[in-house]
Structure formats: C-alpha cells, structure tokens
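Chain naming follows the written order as A, B, C and D, and within any one chain the residues start at number 1.
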C-alpha cells in the first residue's frame, strides 16, 4: 500500500481566503493511501520544504502530493527538494488549487469542493506513480545564433569569448540589423557606429564565430544538446574566399536599384555592399536586378574583377550542422503604417517619414551626409512635427502594446533636430512620455530645455498646403485644437516581429503570442528561455525593447548557453514513452505519428510458446523522445505508455474525479 | 390433462403474476442484418411479448436463467481500517417455460457440476431451487439437431418438473416431479381432460455413434488433425457462450473508490487469456491446444468425471460458429483419424 | 464469360493441384462444403489428393484474410484464395506488418457476390461491396467484374443520423444490451490483429470483464473506433455476430465521416498508405478555433 | 428493418432525468495540454478571472496524448461534460501533436454524437497560453450548456 503524504499550502491568504483549508485537510485524511496531512503557510518556502523532508523521515512517506499553486510554477522546485530525500523526485503530484481554484472561484463552498476533488485526483494519480530516473544526454558544444542584429552580435560574442564555436546566421547580406542604421543612441548620445561597428568587426574577426550572411534556417530536428540544423546559404554569386572587398565591381556596375538599407532615399548597384562598414565587408550580386541574369548582357564586374571572384553559376548551398543550443534574435520590423493611417497621407506625402528613415537622413554616413533635408525637395526643414504612438497603443488600427523605445528615440530626434537646425521648431505630439530607463528622464528634460514643444494629443489629420504639411491635432491639456504647418513630419511607428519569426518559431516549437512575438517560458522566472529546452530568446524577437535591454538580454541568453555548455552532460527527460514488448504487434502506426522520429521498428528474435520467432517491434530512442504521448494514443493495444502520464494514472484520475 | 393453445396466453398471464416466467421470445425486433435471421432467448414474459414456442432452439440457451452471464458474488466497503462484506441474496422465483430436451439435459449437467461432488455453489443452488422447469417436446428439428446421437429423447426432457407434449390444438401436460404436481394444481382452471398423444416421429438429418467417443479421443491427443482444425478457429467465445452446457466462468471485481463488488462472468476456454497465469505463463498458449481442450472436455474429460458427455447435440455452436467448425464433423473425423493410424 | 462458378472452381482445383505438387505452396486456404446444403467452411488443403474437397460456389461467405496470420512464421508459403474483400484484408495485414508478402501466394478470383444459404438472396455486404476484383494477387482466375456498390452503403447510417440524439442513444443502448461479449466480431476482423486487446486489459483500467450495458457499450464503441478508419467493409463482424447486432452501421458512420473530412479512402487498396488517423494535412478541416 | 420498434428501448433514459437535485452542478472534465491551455488557465488565475467551479482540469503533456477512450471512460464514470483543449495547430510544443488530435477528435465527436451523446457535452477547443479570456469563456459556455442539458445518464455505469 502506498504511504502518501499530502501537504496543503495556504500561500498566505491566496488559497486560504477562498478555500476552507481545515475542511480540505479533513477530507484528505479520508482518502485511501493517505497517511499524513499537513497544512503550511508557504509550502515553497524553506520552512515549508523542510517540513516535507522531516515528515518523510518521521512517517516513512513514499509519495507526495502538494496542493498549492500551478505545477508550472514550482514542480521543479519540489522535485529538486526531493532529490535529497528518500523519495524519488517523480513520486510527486501537484494539485493546482490556486490559479485554477482559489483565484478563480469567489464562492468558498464551491471552491472548497473543487479543491477536495483536485486533491483526490492528485492522490489517485500519485498512487500509480513509479520512480523515474534521468539518463545522460551528450551536448554538442556549439551554439547557433539566428539574427545578426545587436542582440545576436552580443550573444555570439559572449559565447565565442567563453571559448565555444558559434554560427551567426543573418538573412541580410550583412550583420548589424537595425542598430547599424541609427545615427546616435540614447541616452548617452554615443554614435551608433561607435558601438555597433567595433562589435561587428569583433564578430567578423573572431576565430570562434562563423558568419553565414544571406542565409536562413531551413530545417531542425533533434532536441536540447543535439539539434541538427540545416541552413540554406543563398547564392551570393561571389566567391568570398577570393574577393578582397575592393569595391571595383560596385563602382562600375551600370544598374541602379533603390537601396532597402537607405529606405528608398538612395540608390545602390546590382552588385553591392548594403553599407560601408558591412560585415562581411564583401558585396553580393542581386540576381533580380543584375542585367547578366535579367537580360543576359553586361558582366562588367566579371571582366573587371582582378581576382575573378564573380560566380554567375553560384547556387544555394544547404549546410547541416549539429548544435547544442540556439539563440533566436530575429529582431523587429517597423509596421507598414501607410496601409493603416490614411489620415497621415497613407505614404503619398514624401515628407511624412518614419523614424528609421529620419535616422538615415540624420546619419553622417547616410545619403545626405547628416544634413537634415526633406526627401521631396532636399530643402532644409525649419519646422518638424514628430508624432508618437503611430500604430502602438492603438488596438483598433494598429497594435495594442507600447513599443517602448519610440518615446526615447523621439526625444533624441527632437534634440538632434534642434541641435542641427539653428532656428528650427520641433513639435512633438505625444500621449504619454515613457522615459523609465536610467538617465532617460533627464534626457527628456534636456530635450524640453532645447526648446522642443511637447503637445499632449494625437494628430488627427495631415494634409499638404503648398510645400508645407498642415498637422491638425488637439492639445488635450489646454483642450484647444492645434494646427502646425510643418516642413517635415516624423512618425514614431510601432514595432512588429520580423516576418520570418513565425517560421523560426514553428521550426523550434516556440509558440508566438497574439501579436507574433516569440513567447518566453515565464516573464519573471525564465525570461530568456523558451518552452523548448535549449532554445533561448534575445532582443526584440521576444518583444519591443530598446538597445540597452537587447544587449542585457543577449548577454543573459549567452550566459544560459555557456552555463549549459559547461555541464559534462545533460539530464534527459525521464517522462518518456516505453514499449511493452510482449504486447507490441509491430504495426508501425506509432512511427508515423512521432514528431521526433524517436521510434523505429526493429526485427527481433523472441522465444514464444517454446518456439523461436522473429518479429518486428517498436523501439524508442530515449534520447530523442520528448514525452509528448502522441504514440500512446495511436497505439490501439496500449503497448506504448508514457511514463509520468500512464494510461492507468490518467484513468485513476478520471475515476477519482467522479467519486 | 390438455392445455388448449388458445388458453396458453391466459395461463402465462396467471403464472406471470406468481413468478417470472421465462419464455422463448425474439429479442431483436429488427431481425438480423442478414435478412430474416432472428435471435431468440428466454425473456421474461409480459402481456403482449412475442412468445415463440415454435422455435426449435433459442439462440441464447436457458442457461442464462440459472448461470447468468454476469453475477455479483459479494460487495465490500472500506471505512478507514475496517472492511464490511455483504453477501448477495437472490430469492429466485422463476418458471422456465418451453425447455427442449437438449437444454434440459444441459441443465442436468450444470446441476451435476454445481451441486454435486462435495461443493455446492450456493448462488446456483438458490436459483435452481427457485426454478420450475416446464419441458416442451419437439415437434420439428433443425438441420443441426443431433440430440439422438447422445441417446436423448426429443419428446421427454430429462429432469423437468412438468413435461408438455404437443397434441395438435393443445399441449398434454404431465407432472414428473412432486414440485411439478404442486405447480400443475395451479394450472387446473386452464386444463381439460385428454389423453397423452404419441409424440410425433422426428427425422434428423444425421445421427452419430458416440459410444466409444471418449476413449477414441484420448488416443488422438497428439494427432496433427487438431492443428489444421484450429487454423480455422478464430479463438472467439461464440461456441462457449451459446452452448447450453458450458459453465466455465472468470472472476473479477469492479471498485469505485473504497467500495465495490466482486462478480463472476462467463469465460470461454477458446479465449487467449482463459488459462493465462500471473507472469504471462499460459499452459495452453496456442489456438490448437485451446480448441483441442474444448472438444476433449465436451466429449471426453467430462464423461470421465460425471459419466455422460457434456454435449447435448443441440447444434447451436454448429449454426453460430463464424467459421463453421462443426462438432458433429469432428466426431465423425475422430472415427476416420482413429481408424487411420 | 468464363467466370461461371463451376469453371472457376475447376480451374482453382487444377491450379491447387499443380501448386501443391510442385511445392510452390505448403498448403492452400480455401473453402470446403459443410455438412448441410449450402453450408461452407474454410479449408486448409495440404495434400494434392484431397483437392476435390476444395470448392468455390456462391456460399463462400468467410473472409480468408486473417487465417495466414496464425501461421506467420511458416518456413514455406501459404496459398490463399482471395477475392476483393480478402485481398484488401491481406493488404491490411501487410501494411500492419503482421505477415511478410513472400510467405503468401495469392490466387485472385473476381467475385460476383455471395448468397445467404438460408434465404438464397445476395448478402447485404456483397450488395454494398465496392471492390469485387482482387486488389493484390499472384495469379487471377476469371475475367475482371464490374466494381462499385450496387446499393448505397451509407443509407442506414443516413437514416440513423436523421433521428434525434436521445432516439439514437436508445437505439444503440437496446443493441448493446444484447451483446454477449463473445468477441467474435473482434476475432474475425482482419484489422483487429492486436496481441492483447484493450478489452482484456482490466488491470490497466480500460475495460472490466462484466457484461453490464456500460461495459458492452465501451467494448463495442471503442473497438469499432479503433478499426473504423481502416475498415475494409468486409461485413464479417455483422455476419458472425451470434446475437445479430447491426455493427456495420458503426464503422460505416466512421467511414462516411472520414470521407467528408479527409477525402475518399479505401482501406487495404495497397499495403503502404498510412491510415487516415496516422497522418494529417496542415489545412485539415478546422472546427475547434 | 424497422427502426421504430427498436427505438422504444426498455429503460426511457430522458424521462428519468426529470427529478434532479436543485443544488446539482455539472461535473466537467477538461483534458488540457500542459504548454498552452493549462498555461492559459493559469493566466486566467493570475488575472483573477472568474468562472464556474464545475470544471476540473487534467494536465497532459500534449492534446495528442488524449486517447478517445479517456473521453468515453469519463462519461461512463460520471462526468456530465468533457473538454479537450490544446495548442493552436502550428503552435504545438511538440510541433505535430495537435494535428493528429484534430483528426482524431473530428471523427470521434461525430461518432459520439451519432451514438447519442449531445454535442454540447463533448467539446474540443484550441486555447493558447496567452488566451486566458478564451479559456474562461470556453469554460463558462460549457458549464452553461451542460447545466441546461442536465446530468448525463447516457453510457453511465449504474451507481455512478
């Protein structure tokens, strides 16, 4: 008979407030197999855990039920607690009587009755638990970082500095992401190049980092410590081993194309480096616009190239490598405000631009060498209007969330504008100024002192008048209608996830929230981890944030990876499927449904009824199996069962619920 | 005394007042899926139920009334440390009306097993005491009937309390036991004077010589005949469950939290787990061993212990075996196999 | 038309004799006459001399697909006479890895439909049969016949679907109350090849041994769902049921729904396509958002 | 085959359900996948949402683990309603678990309805980890629907 100890947590008053603990304790004492019931203010606290350990010794308990908060919160804590007791960490069940009972049912009578049911279910299940033991999984000590923005760069550098090889995959021709496009960064007003460029060069020169530019992850199999990742390296049409990056081909290339990097403000060639300080600092050929491909003419670059590094016959290459850990840093994109805000001209007015375009204009290495000019006529604008929260905090037309960084880069733009344009006027329409970082509010105060006029209200409409733009808004503080005729309008638009993040999330089993941001395991407990072991998040892929947070999160994710690589081996998940050989008829249905290809059919020799018989049975690779249980539901004769969630345990739980 | 056929309904109504009257009735109103095939059994009589005394043999035998397919042995309840057991008491008061000779012979076999040889099965005993069996002589045979091969007389059912013999427009009722005579008094108002008619001459499609069957079977225990025969067998339980004389049962329990009951339910020796023991040891692991055991028990082992064959020749298993394994052909084959080697 | 039953039987006997004599097959699984007129029973023919016992007439109602499975470790080869339904059963056994193809020698016979010995009418399962020509064979006796069901296979299901929920429950409760749990439907079904059936796993908790209504329902409903989406519609379960339960109305419902949801699929047409529930399409019908 | 005769089965189940204790509340079992719906339910708790206390969650690693036999077992042992919840297709933590669940449950739901179980009693819903509101609404609707239907007497073992 099992000797079950049940520990009821008050969780302060979180549970005790709407669940009658004494009545719950009385009812629990009646349950078959229960030999000891104890109530405690905080089970997860040190005294709480100590009480459990002590009662295991005093009363010879061999199974534990803890009625407390969600197992997703402290199942790991209580399992760790059991490692130094005589009870196997998996002889434990948790009844969730907080998030799914006391917090959601005001009526104490109904709440108590439900709590009793939940505890009875947990006791019935733990009665059928069996001790489980972990086994060791080897770790491939190489990391994969997806996304070459500042977050990816920082993470790659930290891991490489710790001595582990890293592959940095970037979809664009060069790493650098959005940060490298910026002019200055708040709050210190360092120029972005002074921070980003050196890091990019470190990455470029680092012996442990291999950059795969113009590449995307295509296929992933395996699990933590042993991911097998196939990466598609798109054709660059240039042999990087020979190319010296001299740029001769770029000069002579006849076809001009609008540069995505310069956000349409300038042109680039068909063979191009996106920007001067690009890393890898070698050009690629844009097949869609290169006349050799489109009209089979030209080929100037091939003729001129001194080291003949041009390869028109280049093709995509598929590289498959083993990785122990993955950091997803796919970054963000600004929303396409033109399709959302017709009242701001829907993109028809050339001088109504978004923040990144303004960054290119103000950037010294930008198309205008840092002179603030209007994209339409190149004249210097005297009056600029900046509109905040365009698409953010706007659940009806755009995104419901706040994009966090725009208040600060808005203030930065105002400061830079007033700095560069002598008698410039800068009007900033805002809803709330969110400057909550270190030195942020002081930065905002300086901008006010520079003479920026902050008007609390949204701009309702912009329409051109002559070469000016009339912005009509309402100042909600003085509740007066305000019209400003501006030469230039900068919209601080909302951030949204990179379009490729959805596919990356699907490949690694990382779910996305309603807005498409990759979901972290737990906002406070495990902010940089995901629910897929061995896959971590860094930067704006996880949600809008500014550069300081991105870098901090990147180093945190890198620390997690380095932490894992320092282990000799990983502990495997013991809650995996097992095959009852006698009962397996070898039909192979389970092989079709296993997402991890963890089941294989094997021909075996068995002695049955005193006759040697050869037959096929299913065999499970305990390393690959992640314990999802899909095979158990496809096996008609229940030859496959999932440890920790066996058929018997589940049926016992259902029976207990219905008593 | 003669019971006129038109009085049968009112007799049954009267009897139904005193006890549960089980009469042959079709229970699948919609008939079988294969056209008009009817499935019949001994169902409690209610006014207006489709009584069908014409059925030569019912699909479900009267065994149901004495050894129900599932029967609770006792129930238990645990309160804290102590457990209380409560026995099941079933005061049966039923009349099996229209039992053929083959079924009556089978009931006699069940009586041997459950009531004799030192151990008396109390549940069966109570039921048997509370049961009045009214035999009904056959007036027709089906192709698979071969009760005469076991020296049974289709007109007189062994061990019945009252024997009815068809007399054209009525049934001649005679009491064969004291219980029968008492019961017959109650029938008086429905009976009229009449002489016992000579039972109709029935012709059977075949008759087998089963005299030396037992010994012959013993000699062919290791014969490969059983291997080919068992290849056809599916290992289902149809033959055992429709057979009027099969009595094997399995025991299990159904518990709900800290209370429940233990029950017994029919088992078939052809099932894989019939003789499965703890640790997956099975003395009869293959279909051949199980099927051979079925025929050996029916025609040889039972005879060694009780003196008569356990097969009454009703032919239900011949009709209903999914693959047409025919006990009468097996009996014929025994002649051929034994003569051969 | 050389398909007259007599000529087919004659050719079958000659072929059986030659195959047995030259050792291509160790034995042939076919039919032989039973004791009564019109009654047949499966035959294991080992010796060429007994070939006259082998028959082929309009009462060969048994499906032979499952018999080779009880001798799957045979050294030699098993000859099996296969019509449309048997051949689909053999394909199912091959797909589920229950026997190796090289252990079988399949003699295909296009089937005109079998009759019930008592009523003389064509069996309902043959009227509803969609594949009369064998789908897998090593040799064929007789010309191909026209495929396709002669009557609507889903008529009864549609009629039942028209009833109300309560009426349907009562209908099925009445049926399952008659089940005697003899397991003939399971043991004759070509797709039911588990070594230990869930209904015998009382310890695990799936099913008790009691023949109460609830247990009968659990047995009947669950077994039919296990094989419903891979049912070859051979109608054996209904034919062998001693208490005449209309079981084909259960699997036909699953097949009808599977057609609507996942597209038409005939189980056992080949021995490699995964069963409907063992694969998926990204754009499957979505009803649960 | 005459359906009408077979339909008036001996015990009239619907009539018996008439006299029901007033304080009767439906007992609903929800099979929830650990990564999405269970997290959604926890989030509903974190946000102190409110829903009837008639539902009990049974945590499983994935909705793919839900064997249809569990559902029938729940009805037989005395549940009045069963919910099967999982991640949105494409979001499964084990990548393909819920694709198989979707197919299985599409068939099983129609099958049980054909066998006489009211569709409101057996529902399947995809609820992600962040859709606390959708979880609460699903539970509220299910409790209401099942309460309206009354206790389930179909396929139920006697004495349960």
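Simple rule for what comes next: a contact is a pair of C-beta atoms (placed from the backbone, for glycine too) under 8 Å apart; a residue touches a chain by one contact, two chains touch by 3 or more.
Small disclaimer: the values here were computed from a predicted structure and weren't measured.
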Chain pair, A-C or B-C, that carries the greater number of C-beta contacts: B-C
Chain nearest the overall C-alpha centroid of the shown protein atoms: D
Label of the chain whose CA centroid is most distant from the centroid of chain C: A
Geometric centre distance via CA averages, chain C-chain A, whole Å: 52
Rounded Å distance between chain B and chain D, as computed from the means of their C-alpha atoms: 44
Centre-of-Cα separation between chain D and chain C, whole angstrom: 34
Residues within chain D bordering two or more other chains: 1, 3, 6, 68, 73, 90, 96, 100, 104, 160
Multi-chain contact sites of chain B, meaning residues that touch two or more partners: 28, 30-31, 33, 256
Chain A: positions in contact with at least two other chains: 582, 593, 634, 647, 651, 655
Chain C-facing residues of chain B, complex: 27-28, 30-39, 59-60, 69-70, 143-144, 205-206, 228, 231-232, 234-238, 240-242, 250, 252, 254, 263, 265-266, 268, 271-273, 287, 318, 320, 322-326, 328-329
Touch list for chain D against partner chain C, complex: 1, 3, 6-14, 68-69, 72-73, 76, 88-90, 96, 99-100, 102-108, 110-111, 113-118, 124-126, 154-158
Chain A to chain C touching residues, read off their complex: 582-589, 592-593, 601, 611, 613-616, 634, 636-639, 647-648, 651-652, 655
Touching residues on chain C, where the partner in the complex is chain B: 29, 34-36, 39-42, 44, 46, 62, 66-67, 70-71, 116, 118-119, 121, 123-124, 178, 180-184, 186-188, 196, 200, 202, 208-212, 236, 238-244, 246, 248
Touch list for chain A against partner chain D, complex: 70-73, 96, 98-101, 103-107, 110-111, 113-114, 117-118, 121, 506, 509, 511-514, 519, 531-532, 575, 593, 595-596, 626-630, 632-634, 642, 645, 647, 650-651, 653-655, 657-658
